[in-house]
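Each of the next two complexes has chain A plus one more chain, namely chain B in the first and chain C in the second.
Presenting the complex of A and B:
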């Protein structure tokens, strides 16, 4: 819909003179994309930077210029740094664990389960791992708030049943709440690498595995010598997208803990939201978003450069 | 192409700008057919099954009888949606004619200060609303430079609310208590008896979102020892507050004592008020402290004999007026909006709200046929008329709610003492005034 609107607008822009060479005409085809980029990315980004240089309560209230004041304050804000530390936990839960476990699972499903038990079982298991990804996050969040519930929660019921005398107060204790969130995120994220890696394994020449089998290579050495090197591009893509996801994580925090207890699970995007909407500190919230956007951009570019070098070698 | 398409394209372009900025507002669509018939748009968040929701539905019917040519568009949204996006909704070009909003400096005060609401002082006097809304019911309808308590009227409440202990009469009888305690020491002795019997005295909660029970218990204790002036100084930021002096000191230290003695249960920092209510309804706690929300729940769901009492022997009781109905500055049909608000304060609607179990501000309690509802309303009237309500503690400064919740969790988890909390409170409150 947006595209059609943009096309209409683009079409109304002054057309290049007919006699001119063919070259400028190609720009007309770029116009829809350029307008879309301008409206959806560039303008909001510039506005956000503009907001962040002001103290502003939003709405019709007055904007006061503070220059880089919000950024200076941000650097000294312990909650902001706490939110960064929590981002490291998010990276473990969204990038490290799911990617490693996903690799193992994909390999087991593809190289062991599919040939020995059957394709359908492997496909069923793959689908099951992916299921959390298609559940609406609100549903998943509420489900996990029941699972992690201190008194009647499923997790603590299991822990009590196996003899844990005092199971953790998952969402109520500042020391463990972040781990509760990590559990949910691992569950949520796992299916994504499994599906990508299994698709990738499909493109690996089966004769390599067959040759390895003939030579008597174990599953583990096939995994380390064939699977890992062959899957390098996919591992890279999964790591990059998951890393960006980990830096932006928001909804699970909002639903499970609201940044609590005692502010122990606050993450940057939630902190930005809270300042922007709840505390009416629009400029400060915008500053947090900008720092995060910059950080994500730097990391993404860094990883892309790294990957290009790696593939060039 | 035709003009319509171009307009459509512009609208879509606008939507494209709005989407990345997270401005998903239900009230954005322009009212159609504005050329001929008028439409009165009301943006509100009361559940249609609550007393106020039922009352407003009746008000809409009465309005339609009075103005047959006007269509009423009663829009349903959520409390959080208005809290977070009212500033954006009301500064747009297509605003509702009547809007419901939260009272307090952080919400209503900001909207008023930013010029998004119409000052309605003249209308209030003209239509006699000030005769119906008096004392502490009026405090949060008036704002001056965003501070409640005086100045122009910006909104009108329909109902009041108060915070009480709801108690399980059967559990009380089990420990030999046949009536509510008459003083705080008596209450404490009773709670010791419950603990000895292995019963949690108060079912409570302290989760970041919606775990407000602990905060209400704390503030009820402070209110118990406070004078009208002390609360008003704090609430309306009239004078500097020393949080290290009574009633703050006494109430907060007693609250810590209650936590230490496990009166409010253990491991409650992850629970919300709904869970605390359910725990009480399933008899896993002798009492729960809440407002009319639990009254309605208990009436419909409690499978035991129950009752309620305010903090025994308290000077002031936590409570206030309900949320407000106001008229946005940019509203197109202001006179119609005043007509609608007038109807919500009419005898018929107010009495309907009362009969349905709401604490109608201008209703006649003697008309309520249901015994429980009448007794509950009669318990409120003297507090309202005697100006004995201490409001809610998060009103004075922006961001106070999150701040208090965080410290309620710290105290409940044993990670902060009363003195540490009071010091943090002093700092946050004073900084909030400077903002």
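Presenting the complex of A and C:
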């Protein structure tokens, strides 16, 4: 070994000169992304934490340090808890129902419709379940403001036509409004798990299903014994992705109900927005959004750990 | 039919004595479900072409008595739709280009340059894509005010170039991690600079992935809502979703006007979907999801 190796830190052999001279140049390629990340994500995130430790009405008004005061207030704020209770409804509409129904539909299309009727029929049905997914959520909300309209809206016209005497006041009643929003979200979300699960089923070795067919296993027992276990990774990913989506629901609330009637449909995202831009309570809004960010971070890390473990296996 | 084919036909699952009734039921249910899923689109389309009088006399489920465009006319007086459409195209188009550019550059540094701490860089960028916009909105609103880009499309364009770019970097860095080293080495031996290798060797190989990414960047940006609704308060800068939300907040609107507006607004997305259907469904399943 030559003297140059001794001078290298940690005693490692020196890198070939070419690679060493190229390192800084490659960093330059990362620079635009790094600068953008700092300005658009990192610094705003730190500022948001800073804001949340103050009482501040925004703009040029004075900031008063309150430490964790906003967070303490949150814990005692019934509207904050109401907003997270409503998130549970959003989870039912975005995670639970679409995942369960999506599993059934994907399995029916893949195991029954495609082999017995044809790939094309299955692809067409899949496409029609998926179509709502491509809509901008605001356009969907605008559409559904008409569908859910109590007098003369499409849904109540259908309900009246099939003999429902007094159809619900979808967006006008505090007891019903959240269900109206859930209906729209289920419609919007359903196609996503169907597409993911069908693709995953394409990955399953067809001989497993053929063997089950030979043994005379019914569709249902194939579903519970083969489909569900095989799709475990996709079910996990779909669930977590949708969970993040459920925590972030905003546009339908802003467009359909504005959090009402009587605060019955307020969700965390909307509550933060309201505090920032309508009530001028910037510190409090920042605290709400930080709680959301923290929850989503935990879910995201769970997802990363799971993916890493799945690829290591 | 040869004997072999006949045997094969008999042993196919279809002919194995399964009751065909169940197939009929399953398909009927599948089709009925598709009708339910598509009915909002069909009803919106149908009611867009009705006059107000026709709508109030016959309700939303009847076919239009006559083709009537007055609902569209009313909608177009409430919203400057051509401007909103142009803003949507401009924002989505520039974000797609800019997002692709910065993610290709960053992924090149990570995947080919194999810079130090690359695992951390990728993890941080992936987490950046998941940060809820709620936690960024006020500082960004403040920053847009300070730079006089509030109520202009430019604030939204810059922000989403970075947000989409972070996702693109994560995805492309993974793809480039398995890039054939021989190609790079061969180009280096020929004396090509890193910059030249990027554009002449790496980008051409990445082209299929980049086109999928472009489709997704475009449609994600088109659909964005939370930050744009805050940053684009002025109607001259609003994209279609923001213009619709603002309209809904301001007026009590006639029902046929809502359907006509929905119809016009969903038209570009549906056309886009039909053109890029294959890319979209393949991309979703390949993990290009958000």
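The rule we apply is simple: the second predicted complex is superposed on the first by the 258 of 313 C-alpha atoms of A that agree within 3 Å, B and C clash if a C-alpha of one lies under 4 Å from a C-alpha of the other, contacts with A are read in each partner's own complex, and residues count from 1 in each chain.
The working rule: a contact is a pair of C-beta atoms (placed from the backbone, for glycine too) under 8 Å apart; a residue touches a chain by one contact, two chains touch by 3 or more.
Model, not experiment: these values are computed from the prediction.
K.L.:
Identify which of chain B and chain C touches the larger number of residues of chain A.
P.N.:
Between chain B and chain C, the winner on chain A residue contacts is C.
K.L.:
Contact-wise, after the overlay, does A:149 reach chain B, chain C, both or neither (first, second, both, neither)?
P.N.:
both
K.L.:
After the superposition on A, what does A:61 contact: first (chain B), second (chain C), both or neither?
P.N.:
first
K.L.:
Report for A:40: first if it touches chain B alone, second if chain C alone, otherwise both or neither.
P.N.:
both
K.L.:
Applying the touch criterion given at the start, work out whether A:277 contacts chain B, chain C, both or neither, answering first, second, both or neither.
P.N.:
A:277: touches chain B and chain C.
K.L.:
Examine A:125 and indicate which partner it touches, taking first as chain B and second as chain C; both and neither are also allowed.
P.N.:
second
K.L.:
Look at A:69 in the shared chain and tell me whether it touches chain B only, chain C only, both, or neither; answer first, second, both or neither.
P.N.:
Touch partners of A:69: none, neither chain B nor chain C.
K.L.:
Applying the touch criterion given at the start, work out whether A:167 contacts chain B, chain C, both or neither, answering first, second, both or neither.
P.N.:
neither
K.L.:
Could you pull out which residues of chain A sit against chain B in one structure and against chain C in the other?
P.N.:
36, 39-41, 43-44, 47, 58, 149, 258, 277
K.L.:
Can you list the residues on chain A that touch chain B in the complex?
P.N.:
For this pair, the touching residues of chain A are 1-2, 4-6, 8-9, 36, 39-41, 43-44, 47, 57-61, 148-151, 169-174, 177, 257-263, 274, 277-280.
K.L.:
Which of the residues in chain A end up touching chain C in this complex?
P.N.:
Interface residues on chain A, with respect to chain C: 22-23, 25-30, 32-34, 36-37, 39-45, 47-48, 51, 58, 105, 108-109, 112-113, 115-117, 121, 124-132, 134-139, 141-147, 149, 152-154, 157-158, 161, 187, 190-192, 195-196, 199-200, 213, 241, 244, 247-248, 250-251, 254-255, 258, 268-269, 272-273, 276-277, 282, 285-286, 288-290, 292-293, 296-297, 300-301, 304.
K.L.:
Could you pull out which chain C residues touch chain A in their complex?
P.N.:
Its residues touching chain A are 13-14, 16, 22-23, 26-27, 29-31, 33-34, 37-38, 40-41, 43-44, 47, 55-56, 59-61, 101-103, 105-106, 108-110, 112-116, 121, 123-128, 130-143, 158-159, 161-163, 165-166, 169, 194, 198, 219, 222-223, 225-226, 229-230, 240-242, 244-245, 247-249, 255, 258-259, 261-262, 265-266, 269-270, 272-273, 277, 280-281, 284-285, 289-290.
K.L.:
Would you tell me which residues of chain B are touching chain A in their complex?
P.N.:
Spelled out, the residues of chain B in touch with chain A are 1, 5-6, 8-10, 12-13, 15-17, 19-21, 83-85, 87-88, 90-91, 106, 110-111, 113-116, 206-209, 267-271, 275, 398-399, 402, 405-406, 409-410, 413, 415.
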